[in-house]
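There are two complexes below, and they share subunit A, which is joined by subunit B in the first and by subunit C in the second.
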Partner chain A sequence: MSDASPPSGEGGSPADGSAPESATAALIDAARRSDLGLVLGTLLLVYLAATLLTFTDGLNSVVGLMRTLTFLGLVYALAALALNLQWGYAGLFNIGVAGFMALGVYTMGIVVRSPDPAFGPPGFGLPLPVGIVAGMLMAAVVGLLAALPALRLKADYLAIVTLGISEIIRLFLQSSAFDTFLRDTLGVGTGGGRGMGMPQNPIRELFLVDGQAGTPTALGDLIFGVFGESGLGISNTILIDWAYIAVLAAFVIGFYVLLERLGRSPFGRLLKAIREDELVADSLGKNVDLIKIKVFVIGCALMGLAGILWFGSQGNVSPTPQFMPVLTFYVFIAVIIGGSGSNTGAVLGGIVFATVLFEGPRRIGSSLRDVIDAETPPSFGDALVSLDPTAFLAYATDNIAPLQFVFLGLILVFIMHRRPDGILGDRIETAAAVDLSERPSGGETDE
Partner chain B sequence: MGTTESSIVDSARARPGLLLVALLGGLLLVDLAAKLAGVDLGPIGGALSADRLGSNLWSGVVIGLVIGLAGIGLSMTYSILSFANFSHGDLLSTGAFTGWGVAFLIAGFGDVPLRALLTVGDAGSATPGDIGAHVLSTPLAILVGLLAAFAVTAVVALALDRAFYKPMRDRDGISILIASIGAALIVRYVIQFVYGSDRRGVTASVEASNLAFGPLGISVNAHDLTIAVAALGLMLAMHFMLQRTKLGTAMRAMADNKDLALVTGIPAERVVTATWIIGGGLAGASGYLYVLLRGTIQFDFGWLLLLLIFAAVILGGIGSVYGAIAGGLVIGIVFTTSTIWIPSDFNEAAAFAVMIVMLLLRPEGLFGGVSTA
Partner chain C sequence: MSSDIPEASDVADAADEVDAADAISDEPEANDSAVEEAAKHIPSGGTSPLRVDGLVKRFGGVTAVDGASFEVEQGSLTGLIGPNGAGKSTTFNCITGVHEPTAGSVYFKGEDVTGLEPYQMARKGLVRTFQIARELEEMTVLENLMLAPKGQIGESAIRAVTPGLRGEVIEQEEETRERAWETLDFFEIDHLATEHAGNLSGGQRKLLEMARALMTDPEVVLLDEPLAGVNPTLEEKLLDRIHQLREDGYTFLLVEHDMDVIMNNCEHVIVMHQGSVLAEGTGDEIRNNEQVIEAYLGEDI
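Right, the complex of A and B next:
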């Protein structure tokens, strides 16, 4: 996906260029015609904005910012797709997403890390694919244990139980006592509050021998030569990250295809039937409990995988800043923006959330701060007392992070008030296999 | 699911779980007795002084009272408005910051710049010692602060309702729950923007802060005692309000059966307004008391407490005010006494585990679903 669109931004797309006056109308039009077009169009708009923000700093900064935005957009899309399976398809209100992602990435780390305790928390030293499968399995098993009893509960109770489970998982990973316990029994560790270093990303080894900077492979030589310092002047790290983004894009497509196929299968129709009316599905003799458990477990495994792909590539994971419940709410906002029930909406919501709502205000805030020529007051009280609007603005732009969360909250409330179905909510996949809104004309077939 | 099954089948399914929980509880009690007696019986037993158990229990009761007080409002909004309010924790923070701002204003007026006082020490360089807020040295400031916390939070809760929840009155619980997550984000980060993000000390330390009760041979921290008295007082006031006033009766009727209450002509919106004022006010007061207990304040402490408050409310049976108080006490005691058996890293996890087990085995709560009676 990202490879298909050259990271040059100014190229623009003919679809975007043809209707510049009514951008929203054109977008909605494109949505009806092509899902891929909509996602790519959104990405291009984001790239355009990124270019406008950083083009004065040279190509390297432009491509670097695009990399950050694309990475975040894709990982949020992955998590949103997994959540959409549980919430959008089956109506299971799981707010333990952060916990299941943590389980996936921590299990992967423990399985893959070297058994030598000299390099931090020891692991089992198994190959990476084994670790990824183990991470998904662990998330699935814990999901199963949670689902077996919890799915009998009402939706809001399920929400609180899953939030509790997610916090219990985080507290265990955070605990040094649990780390010691694992070291004593299994000979592996979690690293407690200090966190755990992640295994080498295999994508890096495609470009660098053993992942060491300065020793490029043949492929690395070629790519670095064309785009790198000696070519277009893009730094090697950014180039390697773009290769990883291509992998992520492939996974997003994989998730999407899997979910679409699942949704159209008889199993998927059952899921939607449960979402629409559980009692009816139950009365028709469907095993509602079993289906809910299955979809919850599949969703948790996908969340584990999303966690691995997201945080596993970040070098180091630690439980407390990364896996706080707020992460779950970010993913929820992404799904809600896109409209729960729509897979394209989940991908789009992930991208829009990560770029426009999450990264956007920070970038714009720091750009604005550079323009304001005033010293930042040390606190809100000082800013207010100074009675100087410039100083106040300096304080506000320097503290853009809290304002951004206020903005997120407003967006969330606004969506729930005005557009509870999200951007693409009108495309929520219907439970029926045939379109029930168009009745066949005439009643003569009744005979 | 859950619509046609008879309760016999349900309880039969739940029985192995209940049995297991009962066995575990019994084992812990035996172990506790062995520990107190100083007997070592292989895996169980060990050493534990009665003093330590006593102090654990006391601090559990104090925390439990604060959590129970906070739970009253959550339970009321749950039963009367039928949604789990995720912004309730941030109402605690609202009450704590505004209440302590007022308390500081009175305690440190004249000696310390106003902006340092009103922002609870975020602006300026005044230390808690300079301001000198402590219940023994500045009792009036602490009391007025508590009242201010109640009043301001009630207003904020009402404003949130008018702006965010009122237009959604007839929507399903999950939609309002999501909107409340949005409201929680807004409140929490407005607090961070105004009061700063760092954790800081609030109360001053004074000489001889423990009050000794000579004949009984126990000494109690003055702040702990203040919290217990204030929380119990507010709970009693709540009790009389619910049982003796027309408003209280109307609230109980709304919680019990909304349609029936409406048919009998109870003014629904007025009851909802009162719910927010009382529930929000109690949340603010409990946030203020929690800071008095801990001695430090941070913009997201209420949010971090929210799950414990949910645990208390669920334990007591969602919708029951008295259940919330009892649940708060249980959660508080689990929180502090669990450290006898498990590392202190896990005391919060233990409280959550108690909540989850309760939801799975007895979702109607300790008292079997008596709502607000």
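Right, the complex of A and C next:
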């Protein structure tokens, strides 16, 4: 896109207009100018790092790690896009993202699961597309109920209300009393704290007859033959997961196109105006409350869908710890890193957060630990007292999971300080369905 | 869709005319613009566009407006003055729907509009600007203007995204863009079109505010201290624009602190003091009114 301003740190890149020095420079330059290039370039860097970490373990490990990173990157991108519509465009501070995702995926599970209680919590046994639509609708309806009272109040109240709703949803899903209540009244269940098995992923059935391992379909035979154990040696599960990643990518593109169209329209202009100053929009004849409710409901429906695509593919969902409020904050971090208000930023932020900040430290930590030849000291004090950098590193890499949060906090402080607008936050996102960069011909200029 | 802003050539002519004939020019313009034609169809005389009757607004124990009643005539530039705390801004907020009056009524074109929301008032044709300019900082000047017009079909989320329906939206957007450019021309801020509104100077923001308000096709414009913090050159420019627009049939109610501005520009002046209307009349009448002099200079300030 031509209106993309170059991102920061363009140290040695050729100036606009001048001929790039080499083919590589040209490629980098082009990637910087196009949004797709930015996203793919980031993914390539991530893949490069993943390869460096795991190439000694063989192709299967490399592709496996790439799969995990891509999956997480894309699902975070989906959630970040939905949040960007509410928070980035309209300034609605929704900290109940986890709750709306839980609603989506649980509703989908209940609608689609078999009515036979022998297989765990019973459901309605309806087709998967019905379940997906129902999940989105449920998230939208609860979003509407939350929005009606809260949006008439100040922004902070919406934040508190949404956080509360998210926790209420999680605790309801966890409650065995609610499970029993549903079973008695509707004949369906949530599974309470044990969670609920998710319906078969239709992608799996593309490759395996009835989703059963060992009975590949014709397509499965072909793919497994070329890439699988008998070919390149990649495990079948990883191959099937990659097929699902392709579906996720399609949804990311769908979300992106939807949001771009919403943003580049009078509707998007209203959202921006509401973010900037509600009273102005109100005084210009715009029904601010109605628009806020609309955008909140659309965002919640998208969060429901993101929840379905994310957790619905994970085999089993349980309210805790999957839908703890921390999930909401992760999605917020993704949007902040990318730059709130920018859809490309949300996608980038999702990928960077999930790979570099969320999954990266653990992988690097465990890889490092494997290399270090030392005992892990039993406590931080012991590690410190030993004065042995190797022992200290061993301790740090062994405890990378808690350390990661320290790391995350530092990164956030750094971003807030150095680049408060995020990676792409300095972009001008045109809020009109037509080009506003210059005066269309026909109009006279009198300068 | 015809523009509501006079052609650039008209603007230039009108500007000369105003300069020549001093601030208050009652001479009709030679070539009537579309707006003037339209304005003539608005029934005038019997029902004044804006009437306030016994308006009371209390905040807790404080009575900010205490039974204010006045009328604004069709096509006039009416001034509302008064010392600090006289209740001018509160009256404004009650008229535009920001505050709900404790008692009393507001009539717009004869219709009781008391207690309507600000957006409902704006849709009826009464729009306001703010004392401290409230531009939408992170939007460009052009976007600020394009936000305002009524009846934008693209404000429906479904129309904005659905293929097939979006075509109409784009067509309307092109018209809106053209109108926005014309309005920018009229206020001579077209060179700032792609600038973020937050980068504008104080005076430019005032121009932007007025331009944005006019994009809603109002009949009555309430200007809350449009000249506060504006340098004399720009002040002249702003007043010129107001006079031109008034000649085009717009009705203005102007709140100002600056007595001279009000006296020199408004044919009708309303003086508020301690929440009610103290005096009404032409500039000269007000200038020689004992009570007004006392209110402004006396110990009650």
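One rule holds for everything that comes next: the second predicted complex is superposed on the first by the 384 of 447 C-alpha atoms of A that agree within 3 Å, B and C clash if a C-alpha of one lies under 4 Å from a C-alpha of the other, contacts with A are read in each partner's own complex, and residues count from 1 in each chain.
The rule is simple: a contact is a pair of C-beta atoms (placed from the backbone, for glycine too) under 8 Å apart; a residue touches a chain by one contact, two chains touch by 3 or more.
Remember, it's a predicted structure, so these values are computed and weren't measured experimentally.
Within the superposed three-chain model, A:Asn287 lies in touch with subunit C and out of touch with subunit B [touch as defined at top]. By the touch criterion defined above, A:Leu279 lies against subunit B and subunit C together after alignment on the C-alpha atoms of chain A. Contact comparison for subunit A: of subunit B and subunit C, B touches the greater number of residues.
In the superposition on chain A, A:Asp421 contacts neither subunit B nor subunit C. After overlaying the two complexes on the shared chain, residue contacts for A:Asp382 are found with subunit B alone; subunit C is out of touch. Of the two partner chains, subunit C is the only one touched by A:Arg261; subunit B is not.
Of the two partner chains, subunit B is the only one that A:Asp156 touches; subunit C does not reach it.
Legend: residue contacts after superposition of the two complexes on their common chain; A:Asp398 is shown touching neither subunit B nor subunit C.
In the superposition on chain A, A:Glu205 makes contact with neither subunit B nor subunit C.
Once chain A of one complex is fitted onto chain A of the other, the partner contacts of A:Phe329 are limited to subunit B, with no touch recorded for subunit C. According to the touch criterion, the shared surface of subunit A, contacted by subunit B in one complex and subunit C in the other, consists of residues 279, 282, 288.
Subunit A meets subunit C in the complex at residues 258, 261-262, 265-270, 272-273, 275-277, 279-288, 291, 294-295, 298, 428, 430-434, 436-440, 442-447. Contact residues on subunit A toward subunit B in their complex (touch as defined above): 93, 149-157, 159-161, 163-165, 167-168, 171-172, 174-178, 278-279, 282, 288-289, 329, 332, 336, 378-382, 384-385, 396, 399, 401-406, 408-413, 416-417, 420. Against subunit A, in their complex, subunit C makes its touches with residues 8, 96, 98, 117-120, 122-123, 127-128, 130, 134-140, 142-143, 146-148, 150, 152-157, 159-161, 166, 169-170, 173-174, 176-178, 181-182, 185, 190-191, 193-194, 196, 212-213, 216.
Note for the complex: subunit B touches subunit A at residues 1-3, 17, 83-84, 115-116, 118-119, 122-124, 164, 167-168, 171, 173-179, 181-186, 188-190, 192-197, 307, 310-311, 314, 342-343, 345-346, 348-349, 352-353, 355-356, 359-360, 363.
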